[in-house]
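First comes the structure, then the notes that go with it.
Chains: A, B, C and D, in written order; residue numbering restarts at 1 for each.
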Amino acid sequence: MTSPSIAAMSPREIIARRCAQEVKDGEVVNLGFGIPTLTSNYLPKGMSVIFHAENGCFGFGAKPGTLEADSDITNAGTEPITLLPGAAIMDMITSFGAMRNGFIDITVLGALEVDQEGNLANWATKRNGKWWPGPGGAMDLCYGTKKVIAALQHTDKSGDSKVKRRTNLPLTGRRCTKVIVTDKAVFDVLPEGGLLLREALPGLSADDIRAITEADFTVADDFRPMNFDLA
Amino acid sequence: MSRSKVLSLSEAMVRVKSGTRLMTGDFVGAAEPAKCLEWLVDNKIGNLTLITCTPGMTGGFGKGHLYANGLVSELISSHVATTNESSEAYLSGALMVRQLYPMGTWAEKVRAGAVGIGGVLIPVGVGILDQPGLFPDLEEPKQKVTVGGKEYFVEEALRAEVSIIKGWRADPLGNVEFRYTSGQNQRDIAMAGDYAIVEVNEIVPVGTIPPDRVGCPGVFIDAVVQGYSLEDQHRRYRDHWIKLGRLQPIAEGATP
Amino acid sequence: MTSPSIAAMSPREIIARRCAQEVKDGEVVNLGFGIPTLTSNYLPKGMSVIFHAENGCFGFGAKPGTLEADSDITNAGTEPITLLPGAAIMDMITSFGAMRNGFIDITVLGALEVDQEGNLANWATKRNGKWWPGPGGAMDLCYGTKKVIAALQHTDKSGDSKVKRRTNLPLTGRRCTKVIVTDKAVFDVLPEGGLLLREALPGLSADDIRAITEADFTVADDFRPMNFDLA
Amino acid sequence: MSRSKVLSLSEAMVRVKSGTRLMTGDFVGAAEPAKCLEWLVDNKIGNLTLITCTPGMTGGFGKGHLYANGLVSELISSHVATTNESSEAYLSGALMVRQLYPMGTWAEKVRAGAVGIGGVLIPVGVGILDQPGLFPDLEEPKQKVTVGGKEYFVEEALRAEVSIIKGWRADPLGNVEFRYTSGQNQRDIAMAGDYAIVEVNEIVPVGTIPPDRVGCPGVFIDAVVQGYSLEDQHRRYRDHWIKLGRLQPIAEGATP
């Protein structure tokens, strides 16, 4: 893998790389679609985690080559996957039971908005006067997963903060988010609510983050720049 | 002797009529009963209430053709937009969706219908999905109950008039074997239908499937129909995955 | 199998043989413990039924020889069984789901008492002031099985009728019984309640049955002696 | 690398203490975690609340020794008398049973605890098990709810501090494979325990058990302990079945 400088990275790559640092060896991990999926590219070599797919699998591996793709071995996004040694197939209701019941250690989920209470919104926007597109498995993940990481760009196309005081979108999970990772900053959500700024993109100060963030936050004593070991 | 449950596609599918409440097995288009779905499109069986995990896989595949052809009038699911076709039908008002369920809730509701219980107490989404006005087409507010000091949704069992599932192989008794992640909740779906059809890659003699490899006992199945061969199924999915950019195109000269 | 005359049969054998006549080819059958289990000995040769075991099996066969007994192939009474071609293993919750949901065509259940409304009582008697011993899977069977056959001796040791006007024992199933088979008589339970005497032991008249039966009943137009094809 | 979950019997079983709320897998004594049960008897771990399908197999086998030794103070089950030992303890007043559940209800309550739902709506026994006075030790009447015009019991999820299940073989990740009817609801029991132990006939390297033969994923298991070999297990059951008259004694001179 090439090791670009942070300055040369896309926002998606920054988020994915930083999310990867939240994952611990041996954990059971569920990655949502989009940016979260990229996270798996940046886990340290030698780290062994168990990837969970909602449709009913623990322990899947990389995407197969086209001719090796087996249409009966897929992930929750209908993508072909491979099964690693030690993988386990289960039925869907057991898989979602595992999600509700705290057997997933960590999930990285894309978000439309998060807020300073840890509320996460990612399933519904208004289109033609209707809520669209639906929760899929994201509410189950937010409900039961021990550590929910919200992964999103810090601001929308107009430059408005997606890290809100209070989101008004229908929620995916109430007070579920433990860590917010954006392309500009990393916040912890405190157990009693409220955000703690832990890191910012190198070169950005806490005040720079305050200028682009709607939510209130305090600054960690050990506030520091994001650091990717690109060696 | 037990009669064989093997039927032709149309002998089985004639059970699905305009207006039928239909449940199908699949997970975002994986392990869909492809031939049965094609039959519905070919025979223009419409006004269906479709109970399914998600609308399916996008880009003109399987269930997507049902929405594109206006055959589904109501969807009971966790999502409206895993296919562009369903998304358009929903946004245009052609596809009724009374409420959306978290996928795990949807699966538990189907299971409740499968195993003859009235429903389940679901904690997911309490305080969110019961917000007034969220689902304006809901006739009554979502029922809740408090157990052990915690509030739960009372989620009623879901059943269908006809269920169609997809297996790898089945015997004439209806015993079905699944491969890898294709099992999903297919057995529950079969059990939750008044009439259950399984489409398989292969029909094998009784005794072929080891008893502990049966994923859906034949007792739950009414009709076994021949679907695509496993090889053809792989080819269909690989081709579609290439089209969607999920797999690399096969290089010129390689043997597909 | 020897073919004894009815006169030489034990009450248990009479009941089991008569219950066997209720089973139709191709049906899914669950036999309770005791007399009901004996029923399987008297099914006509060539009849193919699917035996169900609550712990999670369709399609089991005869008891194995001692040295062939596999301790991981058992029925609901922890007896070793064999698996026939076409057998299917399932988990326990699916098995009980099948029972509640009408996938079992017929069950033969022993009973302490039945009554003329079709109520069946077989799980509880008072011992030391407590209800004893418990329902096990019998209530699930009574709830969901399409045809429930109550199999019991007509009278208790004191000669009192066990076919009651109304049983006062805790019920296993309310209005669930379709047919009552005793060592003296066979009754249908009418859909709206009430008993119809269909058969009696050869030599016994309807009045003889009335003399030993607490429940009220009407007599079928085609009332006739029990008949076992002992050829 | 993931740490191996293989532990010695006492390393795992030390989690069970006097007063522990314990759930065990088995069906009337079939597929019981035999060595773990023996450990409880040997170490006289008492005052247990035992959640189990039935008390076990009668005649001095497995769980029966727990009641005979007065180690169980409360039983949550479908039956009190599948063992003489439990029957005597119950009738003498030494074994508390607040209420008895239909076996299917018991299994659904365990499953509810396994999959993180609050409970299930059960139609079985309505109008029977809620008769006043039937279970005098019940503190509150059984909760009921009406859904779709039909009345159901609200049956709350059951969970345990420690769950012990029995499998055929397991790998160091905790993946468990079951043989034939021994699967029962063992996976649900593992998931419904805060700490889950599996006793197996054989411990095998990771990768030995095919992914679609895993009956209980290792993610649900905390400890794997070595039990009797499969051969010894067969012998134990055959001997007991002969003792109970369920199998013919082996003729003199035959090889056991």
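Here is the rule we use: a residue touches a chain if its C-beta (ideal position, glycine included) is under 8 Å from a C-beta of that chain, and two chains touch if they have at least 3 such contacts.
All of these numbers come straight from a predicted model, not from anything done at the bench.
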item	value
Chain whose Cα centroid lies at the greatest distance from that of subunit B	C
Whole-Å separation of chain centres (CA-atom averages), subunit A against subunit D	38
Chain centre separation (subunit C, subunit D; CA means) in Å	28
Rounded Å distance between subunit A and subunit C, as computed from the means of their C-alpha atoms	58
Residue list for subunit D, restricted to those that touch at least two other chains	108, 115-117, 123, 178-180, 183, 187, 211-212
Touching two or more other chains - residue numbers and ranges from subunit A	57, 83, 89, 93, 96-97, 99-100, 144
Every chain pair in contact, whichever chains are involved	A-B, A-D, B-C, B-D, C-D
Complex contact set, residues of subunit D against subunit C	27-31, 53-54, 57, 77-82, 87, 90-93, 100-105, 107-108, 111, 123-125, 127-128, 131, 134-135, 168, 178-185, 187-188, 233-234, 236-238, 241-242, 246-250, 254-256
Touching residues on subunit B, where the partner in the complex is subunit C	1-3, 114-117, 171, 173, 175, 187, 191, 206-207, 211-212, 214, 217-220
Subunit D partner contacts - residues on subunit B that touch it in the complex	108, 112, 115-123, 143, 145, 147-148, 150, 152, 154, 156, 178-180, 183, 211-212
Residues of subunit A defined as touching subunit B within the complex	53-57, 63, 65-67, 69-80, 83, 89, 91-93, 96-97, 99-100, 127-128, 130-140, 143-144, 170-172, 174
Residues on subunit A engaged by subunit D in the complex (per definition of touch)	25-26, 28, 48, 50, 52, 57-59, 83, 85-90, 93-94, 96-103, 144
